[in-house]
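Listed after this line are the structures, all set down as structure tokens.
You will see chain A twice below: alongside chain B first, and alongside chain C after that.
Take a look at the complex of A and B:
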């Protein structure tokens, strides 16, 4: 009698069947629940607002209006994948925008000013790394503290005044206002950043190590992974992407506002956590994050078109965030119990 | 059949994903009895305590009765016939004895204000029975270990004046020096004299034999024996604990290695429990490290891997120059750690991802990861270590303990090491997988792999080792070679170190 159990991997289903199961898993509500919610949102608002909602204008409004939220959320994917919080990213956004705007107003070329904006953002990334990785301060508190210091510095530097000037309307505004196939620059940049993050996380050695560090840093260390270096790198990535998002933000409003980034704190975290429940459940990932941003955007735009009171958008974000976290919490517990 | 037992456990079973921690355990503690519970690490002792304490829910069909009343999980917390002193004592060392007793039992208040004077009086009352000389206002960090244990026992017994209940003491002497342990045993007898029954969990066999009326031995989640201690010798008890039931004497039977070149040299390794251990391991040799808890045996192997903070000493692999052990993680010196879930498994990742995590560097193709090569590597290793799984894509959490351990072993072997470190390689592993793991290690050793293995399960050492170092107080006190390694000699050598 042959014992089939003894033969490893002998009982694989035939190839066609495997492709089918893979597809069935990929489109199941458990995998892309946010897409189903998005469909519901679109249907409901299309019925309620048949003349204004299902239009190309709405699509563009979501794509363009939420592109900077998307960039901000994508900034968080890598540090969160290593189980490291970066609460300072919103202040880094403000900082890079204010810095670049300041130098443009003082006569520097837009390109050089943007480089300087990126540079200060990366400096904050290094500071975060020192605080969280080297000094071993809990990342949640540590980056809250650095964010608070960054905000203090911005207020000191700008006297809480918006930096504006005609110089900002020139080349500087091009970054965010350039049109590419009907979309503004940041929408395209967000897709490019997502593409890069997806490739790195899914298809490179570093990406695999990033997830390993997030799932079990002690085990990762014993498996020869340089855990500290990866967490440090994650904080640099978030500072870099947040710095870039801040440049886009300043460019889109042609000004350096000393509190511009703060508004992105909650939506970005909401999107990235909802994103972690999509596609690759339990893993922070780029495409899931974009899906989540689109869903949040579609809902928020619908609410504003239907003349809902202005607190409705925040309420919607809050409800989605709690729903998504409850779902991930359930999944994680289920995994732990097998 | 007159007085119901204080505690009557029937068919208690507790399964975790992949393992059965307790398998139909029966345990009866009679009224006024000191009942000892012994077993190796991983035998299910702590799971049993955690079930009684309400931390784990037992599987359906299990039955627990306290003084005849069935104990279900919902009424467990409200029950007052069962009290615990856990191994960590549950004290706040920064606070004084008065504070700790108040926290654990009750604060005496009037109109919300703590009546400190009454509280101090009560503290003295609670401690009166124990004959300890203790400054009740000093923080407990200044007290001796035995004094702290007494405070924990007093706190557990507070308000239990009739004494009709069961006190569970979980390894109370684990951290006590021998002299103080004797004092504590007197105290435990005193508690019993006042009418409280005691379930006494311990590793120390001499203690168990002098103190307890009866003893229950757990092994691999099953009760192997419940016997009166009268007429029972330490060796019989140790044999019951260690057992050779898993495999009836599997022996790796490795060829002699005297002429093989050195694979691993460690000099003067020190740490919290290690007081300068040196060892040399030749290619193809499997060296065991044995010792009682606290002897340093459990610490040595992780220290060699550079996984113990604060350990020092020097290590060299092959002919490469020596490096401090703190930097050993840069050598090709993989370890299968003792606590698989805490230190090895990457939960939420697939079997394949868990396996290749240590060799990702070799799976690069240009800037990316060579997925096809990864798949073929994983398939080869799954066949090699005989992992049973539906596919390499399944989550590691869905595998049984034995299969998870095989994946962890493959993760280490995939690095093509010259030396492999194993800590408790078969803990939480079913008998069949255990046998497979022995064979795998032996096969690699015959091909020249040097192995250093430590295990709380003597069976592992008997099955695998060509040489065993017995540690006591952080030093090598005995070395057993070849045919000298038997269950009897090994346990005897370990016990001897404990008596000193």
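Take a look at the complex of A and C:
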């Protein structure tokens, strides 16, 4: 009995060693590989472009230019953490944007129009929940189908025309074009959304349950976790954040474009999957996603400043994505091996 | 750990290599003397083009009744504008008592070939298609000719002839637009512009527009540094503003951005503002509601609207003349028009959702055909 009581104390390393181990793990390239890649990118471009790259303007360009991509990627964190794909998020972005733009152009106040935009986004979230959770259709196919229906509705609603008008240049454009300490609105919103997601996922019971559902839904169900409710909620969160990203996008271009969101489909998935290799080793997480967006943005901005050929940005993204996904696979295999 | 390090090195190496691939580009701001004569010519060009044209090039009435019941197939494209054009054509074929079949495509050669196969099956009297290279439908041409289908090619690089009965919006017809964009930049800057032309190489029908812009800049303002920036087609949608901002930061002397198509400006004013580059002026071509809005709010300097209404109705006019046995009018476009803040209010007058260049262009065509407007 004495032995069993003493064993844990004897196997436990001293406090300083524990702190050191935790710190070493946190800064290990296995935890924050993207940060190391980011450092390499910054060093390389700072040497190559000493007058233009290592400046505050570059920081602003990365933060402002990739903030909507960051919001779009953050929309995917919760559903992917529950092992649910949401391919409709890009169409939801478009839908919320054109809805708000339509009502602003027709005389509604910007705030009320944005609320309506958010409302339709959440309605699509509910539809996704019904299709994926209630009807048990595979999320990859189900959300692809709802996305296609949303796009069809957008074309019907807009007659495939861009919604524009000088009314959109007023209060509506302020959502994305407002400057806060040199950063545009969406850059600040992305940090706030990441903060909220981080808190919920890391510091609440709901967050633990979300990850539990993602890691092993059967085990989570046996542990009396309401798996279906959590997956449904994940799709609602995705639609809500995507809807907000869509409002920012429409505000940024001062128009409701019937295809605006689709361009964010691949960059957002790229960022969220790279983000899963950061900080939490194989878990989809908010800060890792932001780090990934910053890394991809820093590289792309460096390439554009150096007048790289027009295929360079796509090639860079592809290389980084393959590298990051290979690293994720490697980490998972290591975790399984213990 | 070693594999991870390898990935880091791989990413860094790719960044270095890609950066090294970049061209130098960009000219330095010149303090060379201004060519006043060139500036004056540019100003004259702009002044002349600021007045909206009121006449079509096609003025010869059909002069006999247009037979009803004809069928026209329109091969649409995935862009939103194509739907608007289809709607406009439908209004006019209805006026003639004709049927318009809209064949939708996703822009891929496969879907375009299916559309041409459909035209063969429809035995259409005429077909209008946008930016499709003849290589895509070459194998259908013998059957189309045998069916007597009048082929109208719009905005492709293929010349008229050899199965293409009427070609309009050809690269050569777009040259004048490039010249007017150059004149607009030179005139506004008083001969002290430093301009970058943003091109999309995938749109090869726009190549002569770029050539003409660069040549006109050189001719009218030899002291104005001018460069080009290519953007990939994959950047359309969300990447263009950051590519342009990156270029402008790397070339801080550049103060005019000239766009191969106005839709590249989507989100650009906000990106310029966020980067503290809102002194940079934007000039484009093509037009559209978002462009008019940017011009009204002062976020874009000028645009040379493409005469979409006149282009497609000229194509339809050639079909009307073919089926009535009247000799087709030569392929011509109306005089171009520059839209600035001074005259942008005129763009509010639309034909079926599109701003025509010639006032009342639709009614003028209907009059030529003897159709009720």
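Keep this in mind: the second predicted complex is superposed on the first by the 327 of 338 C-alpha atoms of A that agree within 3 Å, B and C clash if a C-alpha of one lies under 4 Å from a C-alpha of the other, contacts with A are read in each partner's own complex, and residues count from 1 in each chain.
Methods note: contacts are C-beta pairs under 8 Å (C-beta built on N, C-alpha and C of every residue); 3 or more make two chains touch, one makes a residue touch a chain.
Quick caveat: nothing in here was measured; it's all calculated off a predicted structure.
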Partner chain in contact with A:307 - chain B first, chain C second, else both or neither: second
First, second, both or neither for A:33, with chain B first and chain C second: second
First, second, both or neither for A:114, with chain B first and chain C second: neither
First, second, both or neither for A:252, with chain B first and chain C second: second
Partner touching more residues of chain A, whether chain B or chain C: C
Which superposed partner A:272 touches (first chain B, second chain C, both, neither): neither
Which of chain B and chain C A:283 touches, first, second, both or neither: first
Contacts of A:241 with chain B and chain C, given as first, second, both or neither: neither
Footprint overlap on chain A, comparing chain B with chain C: none
Chain B-facing residues of chain A, complex: 5-6, 8-9, 11-12, 199, 203-205, 207-209, 211-212, 215-216, 218-225, 282-283, 332, 335-338
Chain C contact footprint on chain A (complex, rising order): 29-30, 33, 36-37, 40-41, 44-45, 48-49, 52, 57-58, 60-61, 64-66, 68-69, 155, 158-162, 164-166, 168-169, 173, 176-177, 179, 184, 252-255, 257-260, 262-264, 267, 299-316, 319-320, 323-324, 326-327, 330
Residues of chain B touching chain A in the complex: 16-18, 305, 307, 329, 334-335, 337, 342-349, 353, 356-358, 360-361, 363-364, 367-369, 371, 379, 382-383, 386-392, 395, 397-398, 411, 415
Chain C residues within the chain A interface of the complex: 1, 3-5, 7-8, 10-12, 14-16, 18-26, 80, 83-84, 87, 201, 229-232, 234-239, 241-243, 245-247, 249-250, 266-267, 269-271, 273-276, 288-290, 292-294, 296-297, 299, 353
